[in-house]
Amino acid sequence: MEDDVTTAALLAWVRRFADLVAANRDYLTQLDSAIGDADHGTNMDRGMRAAVAAVEEAAPATAGALFTKVGMTLVSTVGGASGPLFGTFFLRMGTSFGGAEAVSPKDFAAALHAGLDGVVQRGKAEAGDKTMYDALAPAVTALEQALDEALPLPAALAKAHAAAVAGRDATIPLLARKGRASYLGQRSVGHQDPGATTVALLLEAAAGTAT
Amino acid sequence: MEDDVTTAALLAWVRRFADLVAANRDYLTQLDSAIGDADHGTNMDRGMRAAVAAVEEAAPATAGALFTKVGMTLVSTVGGASGPLFGTFFLRMGTSFGGAEAVSPKDFAAALHAGLDGVVQRGKAEAGDKTMYDALAPAVTALEQALDEALPLPAALAKAHAAAVAGRDATIPLLARKGRASYLGQRSVGHQDPGATTVALLLEAAAGTAT
Amino acid sequence: MKKLINDPADVVAEALQGFEAAHPDLQVDHHNKIIYRGDAPRSGKVGLISGGGSGHEPMHGGFVGLGMLDAACAGEIFTSPVPDQMLAATKLVDGGAGVLHVVKNYTGDVMNFEMAAELAAAETGARVVSVVTNDDVAVQDSTWTAGRRGVGVTVLLEKIAGAAAEQNRSLDEVADVARTVNANGRSMGVALTSCTVPAAGKPTFELGEREMELGVGIHGEPGRQRLPMGTAREIAALLVEPILADLPFSRGDNVIAFVNGMGGTPLIELYVMYNEVRQILNGRGVQIARSLVGPYMTSLEMAGASVTLLKVDDDMVSLWDAPVRTPGLRWGI
Amino acid sequence: MKKLINDPADVVAEALQGFEAAHPDLQVDHHNKIIYRGDAPRSGKVGLISGGGSGHEPMHGGFVGLGMLDAACAGEIFTSPVPDQMLAATKLVDGGAGVLHVVKNYTGDVMNFEMAAELAAAETGARVVSVVTNDDVAVQDSTWTAGRRGVGVTVLLEKIAGAAAEQNRSLDEVADVARTVNANGRSMGVALTSCTVPAAGKPTFELGEREMELGVGIHGEPGRQRLPMGTAREIAALLVEPILADLPFSRGDNVIAFVNGMGGTPLIELYVMYNEVRQILNGRGVQIARSLVGPYMTSLEMAGASVTLLKVDDDMVSLWDAPVRTPGLRWGI
C-alpha cells in the first residue's frame, strides 16, 4: 500500500534522532546537572552513535530487525536509567513489528504503544512523575487519535510531536517522583526533565522524517 | 650608669616585637606565599606569643635569662627555618649577656652581633642570599658604627632600624640562594624576603622602645 | 576543567589499563570493563559481584580480591554499567554456589542489574540473588521517591559479606548477612565543592564560597538543603544526628563508624571529622567497635565527607576483622 | 576557604585525637605531637623516626607501625616540627641499637633535626644517624640553592629502611639501606590547583583555568615553570623524562614506580597517569618490579600528582615486599 512506512524511512528516523541527540548532547547533560548527575546527554549520544553504527553494519531488512538491533545496542551501551528504558522501548517496538515486511501507519502507532508499555513495565512510572513517560504517553495518544481521525501519517506525527513537546514542557512544574530527580523533592520543581526532552527529540525526528 | 639598658626596657622591646609580628602576621605570611610556603607570619606569631607568655611567667631578672628564655621558647614553638634561626639569635644574645646585672649600649651591640653570628653558624647564609641575614647584618654594623661615633643608644638604634629597612628592601631584587625561596631560582627575584621583613620589625621595635 | 586525563571518553578504559598494571594479582576484562579475582571462579564459594558508575574509586574495583568482591563492573563515570557486563561477571565468578549481586539503590543500577539477572537466569543455570543497599538518610524513603540511595554501607557490606562468602557460607546465608548489614547501616554526606564529570566539562552544581550542600549524593546530585558553611563540629552533628535518630541507634549499641572522604578533602580533615563523630557517639553511649577513616567511596574531586554508622553484632565484627586483600582494603594477609 | 575543621590553630591537635581513636594499636603523645608504635622501644631494634610539617597525610604518622617507622613527629601545617619533639621521639624509640632520623631536605627540617641530634647526644647516650632525602629533580642541586627537596622517595625509604630495621639490622646497615634508596630515587611533581594553608586562609598561589605548575613542591612552593595544561600523556612525559635523564635510569633497570596523588586528584586519574608512566617505561626497557599508586604524600587539597622512580636490587625488593602494618601502607600481616 502506498502509505506504508518503508524500513528505509524508519532507518532515516533512527538516524535523524541520533543526529538530534548529538546536536543536543550538552543541553541534555545540562538539564541532567540541575536535577540529576550530568550524564544524560553523554549517555544517549554514546548509545545512539553505537545504534546507528550497528544498524548500518547489520543493514536489517525488516522494521522488526531494525528496532530490535537499536534496542539491544542501547541496552548494551548506555547504562544508567535511560539505557534500560530507551532500550526496552525500541526492543518492544521491534517485537511489535515482528517479521512483517510492510508497516502501516497503524502498525507504527501500535509499535510505539508497545514501546511505551515496555517503558512503564521497566520503570513503573506514572503520569506526572516527571519522567520520559510524561512526553511519550501523550505523544502515543495523539498519534493514535490522529490516525483514527484518518489523518495522513505526516500530519499525525506532527500532532504527536506537538504533544511530546507539550508533555516535555509540562514536566517543568512537576515534583519528581521517579529516578534521581526524586531525591530532590521540592527542589526538583521548576526544572525540565532530561528524558522527556529526549523523547521530544525522538518525535521531532519522526515528524521531520515522515514528509 | 644612667644610660644602661634596663632588663625592663629589654622586656619591653621583646613585647613590642611580639606586637609588631602579630600586627604583621598576615602580611608576613603573604610574603612567604609568594616565594615560600605561606607560614612565616603564623610561625613567628605563634612563637613570639609563647615567648612573651614564658618571660611573663618566669620574670627573668637579668638580660641573659630573658633572652635565653625567649630563644628557647622560639626553638620549641616555631619550627620551620625561622624557629632555629630566630631561636639561636636570641639564645646567643642571652649567652653574650651572661649573668651581667647591667647592660651598656656596647654590651647590647655585642649581644646583637653574637646573635648574628649564631644565625650564620646555623644557616650558613651569606650577604646577598636573600635571607634575614641581609637585614640583620647591616643593622648590627650600623649600630656598632653609631655607638663608635658616640651617638646615644636611641639615635644609634634609629640608624640600625634604618639599615635593617634598607637591607630588607634590598632583598627584593635578589635571587634567593638559601631556604625555600632558592627553589625558585630566577622566579624569586622581585619578591621581598619574609625573614628580612621580620628582622626589620625587630629593629623597629628596638628603636621604638629606646626612647 | 583541569584533570589528569586524555580524552574524556577514554578515562575509564585507560584507568582500567593502569589498574591492571598496578595490581598484577587481579584480572581485567577490558572488553566488558570487569575487574575480577585471578582465581575466579572458586568452586563451592558464592561469587560476589558489584558494580556501578566509575568515579567512586576505590569502590568497586578496588574492593576485588580475597575476602571481598570476586568481580566488579565499571560503568562510565557516574553511569551504571550495562547488563552485558554484569552477565559476563556473573559467569566469570559462578563457582556453582550461586552469585550475589550487590546493587546500590539507583534507578539505573537497579534496572541494569535486573536485566542482567533475567539474562543470567535465561542463559545460565546460575542462581543469582540481588541485595540492594539504601542507607542514605538524606533521602526520605517513600513511594514518592526512587527510595534511599545506596552509599557508605555498600563498602562495609562488600567487606562483611565478602568475608562470609570466603567462609563458604551458602548463597542464602551470605545474602542474609548482606541484608542484615544494609538494614543496620545508615549514612549521610556533605559536599563543600562540586565535582566535574569529565564528559560534561563543568561542575555539576555551583556552591558559594560560604555554602555547603548537606545530604549530597555521590554523583553530585543536589542534596537535602544548602546551608552556610559550618565548623567540623557543627557539620558532624548535622550528619550524625539524623543517622542516630533514623535507625535508631541507642545507648549500648556497638557500631562500625566510617568517615568517608568524597575525594577532594585531605585525610587530615577526615581525622578532624572522625574526632567530632567519635565524641558525639561517646556522649550517646554508642560504642565504636571498629572504625574506618579515608576516601573509600569518592565522587571524583568533590570536597566533602560522609558518615556511616553500622550497628554490629559479634558475627559482623569477626567478619569485618577477617583477612582481606584488595587494593582498597587490606589486612590480615 | 572551606575546610572540615574547627579553629585553624587546632587542626593538628584535633587530627591527632581522631587518629589516635581510629588506630588503637598506635600511641599518641599529644603534648609532643608524636605518633609512635605501641611496642616501642624494641630492644635490639634500630628505632626509625621521621617527621615534618603536617598536611601531607598519610605521611608521616600514617607510616608508623610494624615494618616502617617507630615514631613520627607532626609539625604545624607545612612547618617542620621542633627539636623538642624529635628529641622526645628519639628517647621513645631508642631500644639500645640507635636511632635513624629520616629527614626531608628542607632548611627548616634539617636545622630542627640537627638541633635535636645535638640535644640527644648531650642528653642521652643514644646514637643518632640522620639520612636526608633530596630526590626532587625539579630543583637544580647546586651551591646556589638549599639543595633538592625530599619528596616521594621518602615514602619508599621509610618502608624499605623500616623493613631492614625490623630484621634487626644494625644502625649502620639500616642507614646504608636508607642512603642507597635516596641515591637511587628521583621524583617530580605537578600541581593543577593550589592548596590553602588553614592559618593563611587563602590559596598559596593562583593558577589559571588552563595552567599547571610543573615541578611544584609539596608545600605549594612554586615550581620550575608554569605551563599550559596538558593531557595525562603530555604531563607524564614532562615528569618522567627529567627523572629518567637525571639518575640516569637505563634499559634493563628494575624500578619501583610510584605515582603519588597530591590530595585533591581522584584515584581514577592517578591510574590514568600510571598507565602513561608505565608505557613510557616500557618503551625505554625499564622494568617495573613493583608499583604504588595513590595519595601517600599529599599537599592538603592540592590537585596534581608526582612520579617517583626508584632503581632497586633484589634486597630492596624483598625489603619492599616484607610485611608492613601501618594505617597508610599495609600488607603481609
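Labels for the chains are A, B, C and D, by order of writing; each one numbers its residues from 1.
Throughout what follows, contacts are C-beta pairs under 8 Å (C-beta built on N, C-alpha and C of every residue); 3 or more make two chains touch, one makes a residue touch a chain.
Quick caveat: nothing in here was measured; it's all calculated off a predicted structure.
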item	value
Steps needed, at minimum, to go from chain B to chain D via contacts	1
Farthest chain (mean CA position) relative to chain C	B
Between chain B and chain C, centroid-to-centroid distance (C-alpha), Å	55
Centre-of-Cα separation between chain C and chain A, whole angstrom	32
Centre-to-centre distance between chain D and chain C (centres being mean Cα positions), rounded to whole Å	29
Per-residue multi-chain contacts in chain D, two or more chains	77
Shared interface positions of chain B, touching two or more other chains	none
Chain contact graph, described as a line, ring, star, complete graph or other shape	line
Those chain pairs that satisfy the touch definition	A-C, B-D, C-D
Chain D contact footprint on chain B (complex, rising order)	26, 29, 33, 35-39, 42-43, 46, 75-85, 122-123, 177-180, 182-185, 187
Residue numbers on chain C that touch chain A, as the complex places them	53, 75-84, 106-108, 111-112, 114-115, 138-140, 143-146, 149, 197, 199-200, 202, 204-205, 217, 219-223
Touching residues (chain side chain D, partner chain C) in the complex	2-6, 11-12, 14-19, 21-22, 54-55, 57-58, 62, 77, 192-193, 209-210, 212, 229, 231-233, 235, 263-276, 278, 288, 291, 293, 295, 298, 300-301, 303-305, 325, 330-333
